[in-house]
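Have a look at these structures, which come just after this line.
What follows is a pair of complexes built around subunit A, which joins subunit B in one and subunit C in the other.
== the complex of A and B ==
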């Protein structure tokens, strides 16, 4: 006899799901779900797809849609999404600056750099400029410690950032094309799917 | 079975325990208490073992290459709440290493804990405080700044969260998902930022949220109504019964200086286990409410005048005495069994009236409990424990989590185990479809019908059962014909009803002995005038499908079942003996009042003017009533229309018994003195009888109960000495079952 686990439909999606997933996205998700023993196992890729479908962030409706598609409680989805730094729960700028303040960068003055960026952009960490151009986040090690302080914007890295370079950096980032800044999620999903299909990593 | 037992040793004491039992539980068997926070026997272990408080040292036997066996000690301490017992395990719970490890865990848990015990409601009954006192380090080495978060974040109208105090044990989140089934709580963020939360922007609207306050091992989840209202050591506690619904949860009623303070759950494995619902936990403030009546009131023209009891009793006795047979009684569903028994004696024996009714309409010919199948105790409602083991539960127009909270938890528990299928039949737009705690999302079959469509669904179901090969021999031809024509009609719910019929057959298979199906009719369906037909049709469907079970209209008010059992009804006496002559039901009584055929009406604990199925008719009748006496705690709309209002004691102010939804007679005990000027209802009834020249003499409510047990065979097993703390189901007593 199978025990019933979850509060909602358990191992099935709700009868009707309203949301913004395109038919292709639904097909993509269902393909990924088929690799897991239960639907909620596909939570991380589902959130990536949602982030892409919702234009780079995960508003409350996106959380709800993922919960319904995976048949699990919305608060659990929000818990997972808020656990990881690369899902964006709040409104995010078109150019999202992620500043490493982990150990090496911290020793190399990340705190000062971060403060300089806050002043330059006129926002605090976690906020977005009123015009929606920039948002600022503090993240853990970006794995380029020899170039601390490191700033990541979408798929691009900027190394050796110091307070006096902040003006020039912001101008440089302003030149990046919108699409380039927000397509990161899409790429990660593609990489994951590609790996699955050639069998290099499953589950 | 012996093969399922393993031999282990705890602190030098050998014992046998079931294989796989968690060591923390095995230790309890020999009185060894292992300190813990996240472990809770009723919650899933899935997300558990995260507080690390329950560490023990373990050695297990290991076979050497030469065949000899030696004890191999696990290099690190293990969490005993997630360590299954295995053959030959040797466990130590008090070694120097363990004592040191516990200190470390507590020091760690306290790093970010504000230690504001002096202003914390939990102080004095806090597991974190207690464990720190017993096992913790006396001081801390942490000098850095602690985490700061909002102190009293409102999660809902009942519960606030102090995020600084939370130790992330996941008891509350597991309760919400596993037990209540609404899964509104979860953990957001991670590391030092991790916090318990509802979804951003939402509220903790669960109907069972209050339980998390008791489960939280620190002062993180707190009751808004109790916040800063007292310290646990200043409170007195009395064993009591919740009065907010028929489930009869056993509660601890905390009071201080003669006033009610709060409700906590009291363990009763057969009733509420250790839970309450929010209706009860936060709904008993009325006990010390500002609107309590404290003196009898007599109408003088357009206003009430406070009078002494002598005068009030004399007046009521005169009026009732004059009215004699033309007096009637309504309500009683919030009175104790003792009140009801004496009251019906006053009306039947002294006044010669059979016009008593506890029902507020509109269906008076409905038999509330219909057993289908062999060997059932007549009229016995299903027990709460039995619900867990059913194959099929059909919620029929019943908003289970709201109307029958503990029954809801039982059904959900059965479903979680995997053997119970749930079907939900309700009107479109039922409140249940919107609730966070609801059977609807976990129902295998969902039938939704239009307003008033209950009988149609029942007929369709019967029709489907007959079509699919059900045994129709016992079904009256007329009913079978109606059912057949109902099936042929097209309807949106046709497919769902067909599936319900299949599920019913399924439930009958393999379950030859014992009851496997229950149909619970809720408030939405019981206000349908066709209720008797609905019940008859549903029970015909069950029996045609060959299943044993019960179709019942469960009681809803705290002592509605007691009022049924003790004959607050025109056609039956206490114990369901037939009344001869029969009296009139509440609709007929109100009509008779309007026609001047009833001279005196007594209404007890029932706001008829708002609760009657046709409130306007009730108000018209009451307005024309020559003499109306009302017994209640406060001046309800009905009481405002009375000629005499008699204030009565609350559940906290006397001893007595109620009978819950499963027919369990349960005691409650006096917690504090009633306000001066308030009396017990049965004593009022006895005093009136005495004035009218008939002695109904009892010295105490205990004596009344003893007399009930002596005179009413149904309650023979429920005398004062039999009840204990947990009560006795009369049906179990009649069937000779011991204990339950």
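== the complex of A and C ==
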């Protein structure tokens, strides 16, 4: 592993990197790298690409691949990835429900909604259902306070969720066929690319 | 005074997020006019307008703009802070979703005025829907020549990139945002007098202009209709209009644009009035600003100076109203938890102090409060306030301190009786 110190300006030839990035992902990364004066600038986008390419999470190999592609030590990549809550370093369900329990949602009864979701899914906050389909988390302000209580699943926001709407919400989420974390990461990558790369531009 | 729509004038026009509709209501005319002016004159127009930063601090916008050394042979950057995370605030989310071209136009004007050729819009990772709208707007703006190698045929180059965050309240602080944009952990950097301002040394040690989404979205109107016109609205020192995100115990929560200086009670009336009881307290500018009692709210006007005089701040415009069924100690328990969770860990007073405060709230609302706890909270507030690199520590201490000063009897009741003074059904899940 080459470590270029802290300059972040590594310039390794890409064809020597082994990992799971598809050729398309490598091309996306290189376009995004061109938006910054050094490769290190593309760290957050590179981690989003990796989260997609590695099926919705960032195992050690993903960290290593990002480090190699950006030319910086894996420990720095891990340090960055672990700082941000949206990078998934642990195990989550295919559908990860995040319930806002911050100020406005709290006074509007977010905790009751959360309890109802725990009951419906048969898991506690921080747990994943045995089939790996659902996981549940409590999060801070999602900044859609006019629609409290707010629940986020991947890139989707659900507003005005009350305990009596929990059954319908879970059924609606169950219909989502893709792996939410992968779809979300993919969409986050796509909005950072100019239109010619974005087949979903009108979606 | 009252509701006055400048940014929101065309918010409800179908398709306003698309180029053709935005242009049909006068969109990009501010940019078109700007590029016919000298850079100094564009900044002069912003100065005349009296516009102040809408992200929370209220710093005069033109001073930042004129601080960029536009003639030095170096790269310069323009950054839009779209990392909206202040609890109670949801105006930037809607601005980007409904009026993305207004934000893009403002950024293009800023790029021209500061002679910068690269811009970044740092969007909160969770705001995918808003980010998609901004992406489309940028692509449309390139196609129409409002971005790219010659903005409006002026010969000035301006490229605009979307940079997505990944979950961190701290990144809304401008120096932490820069760290994050450069691919690092989102932690703040030293500021004057210990380090130069971002306008001198920001991203990659180059001059960097950072403003909030709403600030940039206001600029096209100032350029299109003149700084003097904008300055004719508002008060002596708080010019123009401001977006307020109203939530909590009101009938019609949502974003409202009002003239600065509008009475606080009028904003509550616009949002349909208080529901579920009488008004008990207001947090007028996001979770970081001091809470006001209902009595303190009487006669207060919503502008920077009046809010300060009333013992709070205008902040980001995240306006939360609470009825008299609300337990203030539980509310502050939630606030303390938020800051303990979001402290980035860099500065000891904030990292440790926010967690101590959260633990004290946990025991108070568990009925285990100790007689000395209230004074202990005040002491911790005093030891955090002003003792960290960025304002997160200050923001964690101000609301707690104000709540003790203004609702002390509720803390005393909790500690003496071990239960809520207003009833167990307030703020479910706490206590």
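FYI, the second predicted complex is superposed on the first by the 174 of 203 C-alpha atoms of A that agree within 3 Å, B and C clash if a C-alpha of one lies under 4 Å from a C-alpha of the other, contacts with A are read in each partner's own complex, and residues count from 1 in each chain.
As a convention for this text, a residue touches a chain if its C-beta (ideal position, glycine included) is under 8 Å from a C-beta of that chain, and two chains touch if they have at least 3 such contacts.
For clarity, every value in this text was computed on a predicted model and none was experimentally measured.
Peer 1: Between subunit B (first) and subunit C (second), which, if any, makes contact with A:29: first, second, both or neither?
Peer 2: Once the two structures are laid over each other on A, A:29 reaches no partner at all.
Peer 1: Touch test for A:117: subunit B only (first), subunit C only (second), both, or neither?
Peer 2: A:117 sits against neither subunit B nor subunit C.
Peer 1: A:106 in the overlay: touching subunit B, subunit C, both, or neither? Say first, second, both or neither.
Peer 2: Only subunit C; A:106 stays clear of subunit B.
Peer 1: Given the superposition on chain A, which partner contacts more residues in subunit A: subunit B or subunit C?
Peer 2: After superposition, C is the partner touching more of subunit A.
Peer 1: Contact-wise, after the overlay, does A:83 reach subunit B, subunit C, both or neither (first, second, both, neither)?
Peer 2: After superposition on chain A, A:83 lies in contact with both partners, subunit B and subunit C.
Peer 1: Contacts for A:153 in the overlay, against subunit B (first) and subunit C (second): which applies, first, second, both or neither?
Peer 2: neither
Peer 1: Go through the superposed model and pick first if A:169 touches only subunit B, second if only subunit C, both, or neither.
Peer 2: Touch partners of A:169: none, neither subunit B nor subunit C.
Peer 1: For A:40, decide between first (touching subunit B), second (touching subunit C), both and neither.
Peer 2: Second partner only, subunit C.
Peer 1: Tell me which partner A:60 touches in the superposition: subunit B (first), subunit C (second), both or neither.
Peer 2: first
Peer 1: Where on subunit A do the contacts with subunit B and the contacts with subunit C coincide?
Peer 2: Common to the two interfaces on subunit A: residues 8, 79, 83.
Peer 1: Residues of subunit B touching subunit A in their complex?
Peer 2: 177, 181-190, 197-201, 415-419, 441-442
Peer 1: Within their complex, state which residues of subunit C touch subunit A.
Peer 2: Residue positions touching the partner: 75, 84-90, 93, 120, 123-129, 131-132, 134-136, 138-139, 142, 159, 161-169, 180-186, 204, 245-249, 253-255, 283, 287, 318, 320, 322, 326, 330-331, 334-335, 338, 341-342, 344, 426-430.
Peer 1: Quick one: in the complex, what on subunit A touches subunit B?
Peer 2: Residue positions touching the partner: 1-10, 60, 63, 73-76, 78-79, 82-83, 89.
Peer 1: Which of the residues in subunit A end up touching subunit C in this complex?
Peer 2: Subunit A residues touching subunit C: 8, 35-38, 40-45, 47-48, 70, 79-80, 83-87, 101-104, 106-112, 114-115, 140-148, 152, 155, 157, 184, 187-188, 190-192, 194-195, 198, 201-203.
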